[in-house]
Structures are given as C-alpha cells and as structure tokens.
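Read from first to last, the chains carry the letters A, B, C, D, E and F; within each, the first residue is number 1.
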Amino acid sequence: MSEDELTHLAASGEANMVDVGDKAETVRTAVAGATVTMKPETLRIILAGDAKKGDVIGTARIAGIMAAKRTHELIPLCHPLMLTKVAVEIEPDQSLPGLRIRALARLTGRTGVEMEALTAASVTALTIYDMAKAVDKGMRIGDVTLIEKTGGKSGDWRTE
Amino acid sequence: MSEDELTHLAASGEANMVDVGDKAETVRTAVAGATVTMKPETLRIILAGDAKKGDVIGTARIAGIMAAKRTHELIPLCHPLMLTKVAVEIEPDQSLPGLRIRALARLTGRTGVEMEALTAASVTALTIYDMAKAVDKGMRIGDVTLIEKTGGKSGDWRTE
Amino acid sequence: MSEDELTHLAASGEANMVDVGDKAETVRTAVAGATVTMKPETLRIILAGDAKKGDVIGTARIAGIMAAKRTHELIPLCHPLMLTKVAVEIEPDQSLPGLRIRALARLTGRTGVEMEALTAASVTALTIYDMAKAVDKGMRIGDVTLIEKTGGKSGDWRTE
Amino acid sequence: MSEDELTHLAASGEANMVDVGDKAETVRTAVAGATVTMKPETLRIILAGDAKKGDVIGTARIAGIMAAKRTHELIPLCHPLMLTKVAVEIEPDQSLPGLRIRALARLTGRTGVEMEALTAASVTALTIYDMAKAVDKGMRIGDVTLIEKTGGKSGDWRTE
Amino acid sequence: MSEDELTHLAASGEANMVDVGDKAETVRTAVAGATVTMKPETLRIILAGDAKKGDVIGTARIAGIMAAKRTHELIPLCHPLMLTKVAVEIEPDQSLPGLRIRALARLTGRTGVEMEALTAASVTALTIYDMAKAVDKGMRIGDVTLIEKTGGKSGDWRTE
Amino acid sequence: MSEDELTHLAASGEANMVDVGDKAETVRTAVAGATVTMKPETLRIILAGDAKKGDVIGTARIAGIMAAKRTHELIPLCHPLMLTKVAVEIEPDQSLPGLRIRALARLTGRTGVEMEALTAASVTALTIYDMAKAVDKGMRIGDVTLIEKTGGKSGDWRTE
C-alpha cells in the first residue's frame, strides 16, 4: 500500500478524475449496507399498518434508487455511469433496534460502482430519518460500508 | 408520542410534503456529525503532505457544502430552501482512527434544516471514502446524527 | 385579450423571464389534474394486491412530488420557488378505465404555482406509464389541465 | 399478459430498477405525441409574427429536447441513457384548435427510449402552456401517447 | 483591501459559504457581459435567414436564462436564490466580428446576483460556440465581466 | 464552408440534437483554455499562504471538473456522455496578471468533448471570480477557447 495508490491525487497532489478509458468493459457489481438505529417505539410506528410501512420504507427505497443515478453529481471525482441495475432492500432488525439497508448497483462498464451503492444506502437512510424525525430526532445512521464488489481488474472484494 | 406525529404521512397513510406555509420565518440552525473510520495507515496517507491533505479534505468539504444545497432533490419530502450558510469541518481523530465531520446549515425560513446538515455530513463522508478507497475499501461511515438544532416552533434540541 | 398579455414575450418578441419582484408575497395555490387511460386488465393488475398497488401508485406519487420541486429546471421561463406544500392524489376511475391524478402546489411568494402543479401531475402520469408499460404500451395520458388557482393579483380561477 | 410482466415489480411486489445488463446493444427509437388544445385566439397569437412564433414554439422545442436528457432523474426507475438523438416537432392543427407535438428519441443501447420520447413531448407541451397561460389558462394537454418504437428484443410496436 | 475581505475563506483559510442571514432583503440587480469573436463568415451564417438566426440566438438565450437558475449548483459557494428576473440580450457586433451578450439578473433577497448574471452570460456564449463550432472551431469567448451591480450593503458598482 | 455545416440546424432551420448513432466509438480528447485577469494585489492574495491558495484554486478546480459532467444539462443540444477523464490545471501568470486555466476532457464514445472542456474551463474561471470578487469586482474572464481536439471522423485540430 503506497501513497501512489490514492489514485485521485496526481503526482503533484492535486485532486483528479482518473482516466478509466483504458479499462475493459466488464460487468461490475457492488453491494453496500447501512443501518438506522432508533427507539423501539419509532420502529413500531414505522412498521405499524400496511399503508404506513409502505410509505416510509417504499419512499426511502425509491429515494435511494434515484440517488444512485446522481452519484456523479454529488461525489466530485466520480465518473458518470450508465447503471444497468439498482436495487435497495430495507429490513427491520429488532436487535438494533431499527432498519437495516442493503443497496446493490450493477454496470457493464469501465469503472466500479462502489460509490453508487454507498450513495444509494446513505440516501435511503437519510430519507428514513426525514420521515420519522418528528418522533425521534436521535436516530443514528451507521455502518455505511461496502459489503462486496465483483468485476473489474482489481477483482472481487468482500468485507471480512 | 403518537403516530400522528409522523407528519409526512397523511391520515390515510400516504407520503406527503407537509405544509409549512403557516410557520413563522425564523433563524433555524442545525448541526450534524459523521465519522469515517479507517486503517491508521489510511489516515496517515490522507494527512501526509500539505497538498494531499488539502485535496482529500478540501474536496470532501466542498462536496458536502454543495450537497446541502441539493437536499430537496435527494430527499423526496424535503422542501426547497434558501440556505443562508453552510459550513463543514473535518478533523482527524486518532481514537477512531479516522476523520470526524461536523456540518452546519442555517436558514431564515419556515422549516428546519436538519436534513441539509445531515446530507452535508453524509456526502462529505462519502467523498472521503471515494478518494481513499483505492487504499482501504473497508472504511466505515458511522455516527451520522443530528447534534443540535435551534429555532422553529418545536424549539431547541440537543443530542444527549 | 391582447398579444401584450403573452408576458413571456418582450416587445421585440424575445422570450423573457418576467420580473416578479414587484408582486406581493401572498399565499398562492394551484391544483392540476391528469388521467391515464389504460386497458381494464392493466388497471386490475395495478390495483391487485396491496404491495403492488402501493408500489405503482406510491412510486408515481413520490415522482410527482419530486418533479414539482424541479419545475424551474424543466420549464425555461419559470422562476425558482420555495414551495411550502406539494400533494398528489391518485384514484382509480373505472369509467376511463384508468387512474385519475390531482396535484396541488402551494407557496407563499411572488408568483403563481400553476406550472408546479401541472408538472407534478404530468410526471406522476409518466411514472405510471413507465411502471405499467410492459403490459400496456397503448396507455394514454390526457386531460392535463389546471383545475383551479387561488391567490395573486389576477385572483382566483376555476376551470368551467 | 400476466402480472409478472410488470417488470418493475419484484416477486415480493417491491418497486425495482430492472437489470438490463444482459440485453443487447441495438439501435432503439421511440416516437411519442402530445397535443395542446386552446382557444382559436390563443393559437392565432402564438402563430402571429415570425419572432413570436419562433419564441413560443422554439422555446418549447428546446425545453422538450433538454427534458429528454433528464428523464432518468424524473422517472424513478428509468435507467440513465446516452441518447444519440432527440428531435421535437410542433405543428399547428386548426382542428383541435391548438398545437400537435411529436418527439423522437434514439439510442444505441440496452434499453428502450419510450420514456425519453414521452417526457420530451410532455415538457414541450407544459412549456407551451407556460408561455401562453397569461391569455388562456384553460388550455388542455392531451393524447400523450407512444406512437411507435423500434429495436430491442420485444421488437417493433406501433399504435393502432 | 485586506485578505480578510476574501469572505469565502475562514480565518483558518478554509473555503466557506458565508452567512448572509443578517443581510437585509433588498432589490439587487447585476448585469454581466461577454463576447464571442468569430470569422466574418460565421457571423454571416448565424445571422442569415430568420429561422436560423432565431434558432442559434434564441437557443443560446434560453440556455443562458436556464443556467442562471442553476448557478448555485455550479459555483460551490454560491447561495441558492429565488431570482425574480433573468434576461439575456445578444447583438451582432461587426467590429469583433461576432456576437455581444448582456445578461441581467434580479432578486429581492439577501445576497448579490453577480454570479447569476456572469453564469448566464457564459453559458449563452458556450451555447453559441456549440451551435456554430461545425464551421468555426476557433471562436473565442472573451470579456466575461460584471458591468454593473445595484443594491445591497456594498452599494452600487459600475465597471470603469 | 457552407450553411449545411451548421449541423445543429435542420434543413428547415430548426434547432436539432444531431444523430451521432452512426459515428464510431473512438477515443476523443479536447483541451480548452481560459484566463482570469485581475489586479496584481488580487493575484497576490490568492497565492498568499498555502491554505488559502489551496482553497481558491482547489475549489475552482473541483467546480470545473464537476461542471464538465453537467455540460449536457447546460448546453441544450449537447449529448449526454460518459466522460472517462476530466482534469483542470490552474497556473498563475504574472503577465496578465492573473490565472491561466487549462481543462481536458476525454471519452471513448461517439461524439466530441469540446463543449465539456470549454464548460470546465468556464466554470473554473467563474468560481475564481466568485471567491475573489469581494476584493476585485473588475476581474475579467477571457480567452475561453478550444486549444486542441483529437479523435473522431473530423480528425485532429489545433488552434493556430
């Protein structure tokens, strides 16, 4: 591991959008996760009633999918990409207590989609916060991590 | 605390962008935090050398500020706002080890700016991840929380 | 009614974003409608099952709300506005057969919100088309109209 | 025709951005139409004088072309696409009376461009409404339909 | 003139979106200019024929107006603003030879609109370049300057 | 050189987004330049102190890179592109006095990237203006030109 590997920084230390033109077009997938920890009562409210669950969780999932498509507008050195698939899952986890998010991004292209998956997971979590903050301002978004990536020259990677 | 307080949900359970037209125009401030936990070596690389530090941290701060202005495009039920101030601070914290982020948003307006501060903190953290992921894919974004808010009818709030 | 009333056109005929700086800040509301006419079987599929109904109709409603906030990016001479409320309703109408959309936009400001309501209704309809086009490419979006507006110097207006 | 064909809905009924990574890259074209029905006097004003006609119709055409490029930001489950061509035509039709719009989108890619053509047609119509609403708030946007599509696995399709 | 006046830089030298919350809401106007210098033949082509002139110049003017509304998305430390008026004028100037652009932005608000006027002028010029580059890649955009500003605490300013 | 070469104009003179679907996918590069001329004292302030230099110049470079990715949203008839590389350099030039900008855009695709390089250079310059306008409103952006392009059917081109 050397400083040269900070590929966004040129030799002179300037931020840089790296050239991916020479990379091969392959199928690349990334899965990211996040959690939203909340009071048990907040989780109960979110889950109570079909319509309401549908709306908090359904709205957050749509927000995450839409955000993945805008990753290159938010993250300065990300390349614009033609994502072929984005999916977001949200499951209750009583042990937090709260909601557990998994976001998947896929592409046939020249650069990885880690940031797209992480952005989808983050905005899904932020939307859950927004929709429930009237009852619980102390919610905590955590564990925003890359879970796995496949494809590309650097090969597959999985969190330990 | 009742389900009625989930103000984004109408009586029928449908997601809704609540009417803030009757709220008073007051000065409203929100401060949010986030952390990026990484390997000690990754933190050393980010901090090594003025130019490089300037670029990772400076780029992430700009990304966070710009993202705050786009919160209403990302979070479905957020109102468009005329933010009067956004500031992002990033400090190293050897105890993580990693970087600690604080984002402030301020407004003279009719609705709070919690989501703007949280979005700024999240996108700052995502940008740090993007710029250092070549050396450390296992970085973890956490503790994305509201630290305090002031102004508005519901009054001041501070995390415990 | 004279050609001078085409307020977006200057005396010389050039397109223009009219000056609303002298208008009073008042509460302004607009309600727009739209329909999506489809095969009876398509409507049955959309309405069948809670989860599925939730998703087609819920997703379309979110899309419409989000689009209202971006009206000034889409319509060249619309002013950027701080909407205080956006709401979208979608109801089945067996007489079409299909779905009937109503979108409301509200603002305390210097210019009307007709275009925001019409944009919300249109994008809601387009999203319904997108989500059901695999079964029915012949769906027809129609009756995209302003239903009523209130507030502002020109006073209230209602479709006949 | 079965519910499985609602491809945006997963088995569990959740909204989903479908995977198009396995589809072949082919030339795909879609043509959509729309009408704006108005008072005869409104049509006369729009058509009167070269400069003015140029501006209402020219501005609306530009707005439609630009909107096609943003379809994936507006329609939640649309893929980002690299459109190779967008064209919009606007013709007067005294039988409405009003304006008749046709929008074409083309792509060499993995997914169809129906939504891009429909979005272009819709935003063209909305812009006409915006520019003439000072004289005629009762204008009606209708007949927003797919006229034909070519290319892709599902083959060609034409409205009957 | 002191370094403290670089108001976007905090005491510590970090880029910052300055707080304008304490500024008064006043009418603020800015006018910016730009030129596009080209071959005489290129200017002749642009001006030849009503329809063609309408399209190059009309399209560029629309692009400039729309860009003014997005200034805060492009310029990192600009505040989001509710512009009340944007106007762009484009005149031929045989002495360049080429086109001379003037863009005006106006606001009732807490911060100046210089950047909105300059962004409108720049994007108008870029659009002219785009539409005529097939015949003249050597066109030169120049003299992008603030011509005057009025309103605000710092008072009026005019280029010498 | 004939009027037919104004490829954005159809035979009838209407603005048009030209069809690039038949062009070959090749590596295409464009380099654009711009200058910001200012008072000697303004240049001294921008360059004084590592942190400050980092921030004005670093922020402007990030803004330029991000703007390149949004060119197709700003310039009405530009195609959406998947840029593989964007780089921006900013150097002091005492002979102006001021700052000299060079922006590079690269793509493996079907259409040139001149507008992306020019947009990056322009927005970089506008951001410098924004960050230093508190001390020098008379700064002048000039010499926004294409310096060279390579790739594509029309072959290489260099400014004389």
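Just so we're on the same page, contacts are C-beta pairs under 8 Å (C-beta built on N, C-alpha and C of every residue); 3 or more make two chains touch, one makes a residue touch a chain.
Bear in mind the structure is a predicted one, so any value in this text is a computation, not a measurement.
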{"item": "More contacts between chains, E-F or A-C", "value": "E-F"}
{"item": "From the options D-E, A-F or A-C, the pair that copies B-E, where over half of the contact pairs coincide", "value": "A-F"}
{"item": "Inter-centroid spacing, subunit E versus subunit C (mean Cα positions, whole Å)", "value": "31"}
{"item": "Inter-centroid spacing, subunit B versus subunit A (mean Cα positions, whole Å)", "value": "15"}
{"item": "Multi-chain contact residues (two or more partners), subunit C", "value": "14-15, 51, 54-55, 58-59, 62-63, 66, 70, 73, 76-77, 80-82"}
{"item": "Touch list for subunit F against partner subunit E, complex", "value": "1, 3, 5-9, 12-15, 41, 45-46, 48-52, 54-56, 58-59, 62-63, 66-67, 70, 73-78, 114-115, 118-119, 122-123, 125-127, 129-135, 137-146, 149, 157, 159-160"}
{"item": "Residue ranges of subunit E touching subunit C (in the complex, touch as defined)", "value": "27, 58, 61-62, 65-66, 69-70, 80-87, 89, 106-108"}
{"item": "In the complex, subunit A residues that touch subunit F", "value": "10, 14-21, 72-73, 76-77, 79-82, 109-110"}
{"item": "Partner subunit B, residues of subunit F touching it in the complex", "value": "50-51, 54-55, 58-59, 62-63, 66"}
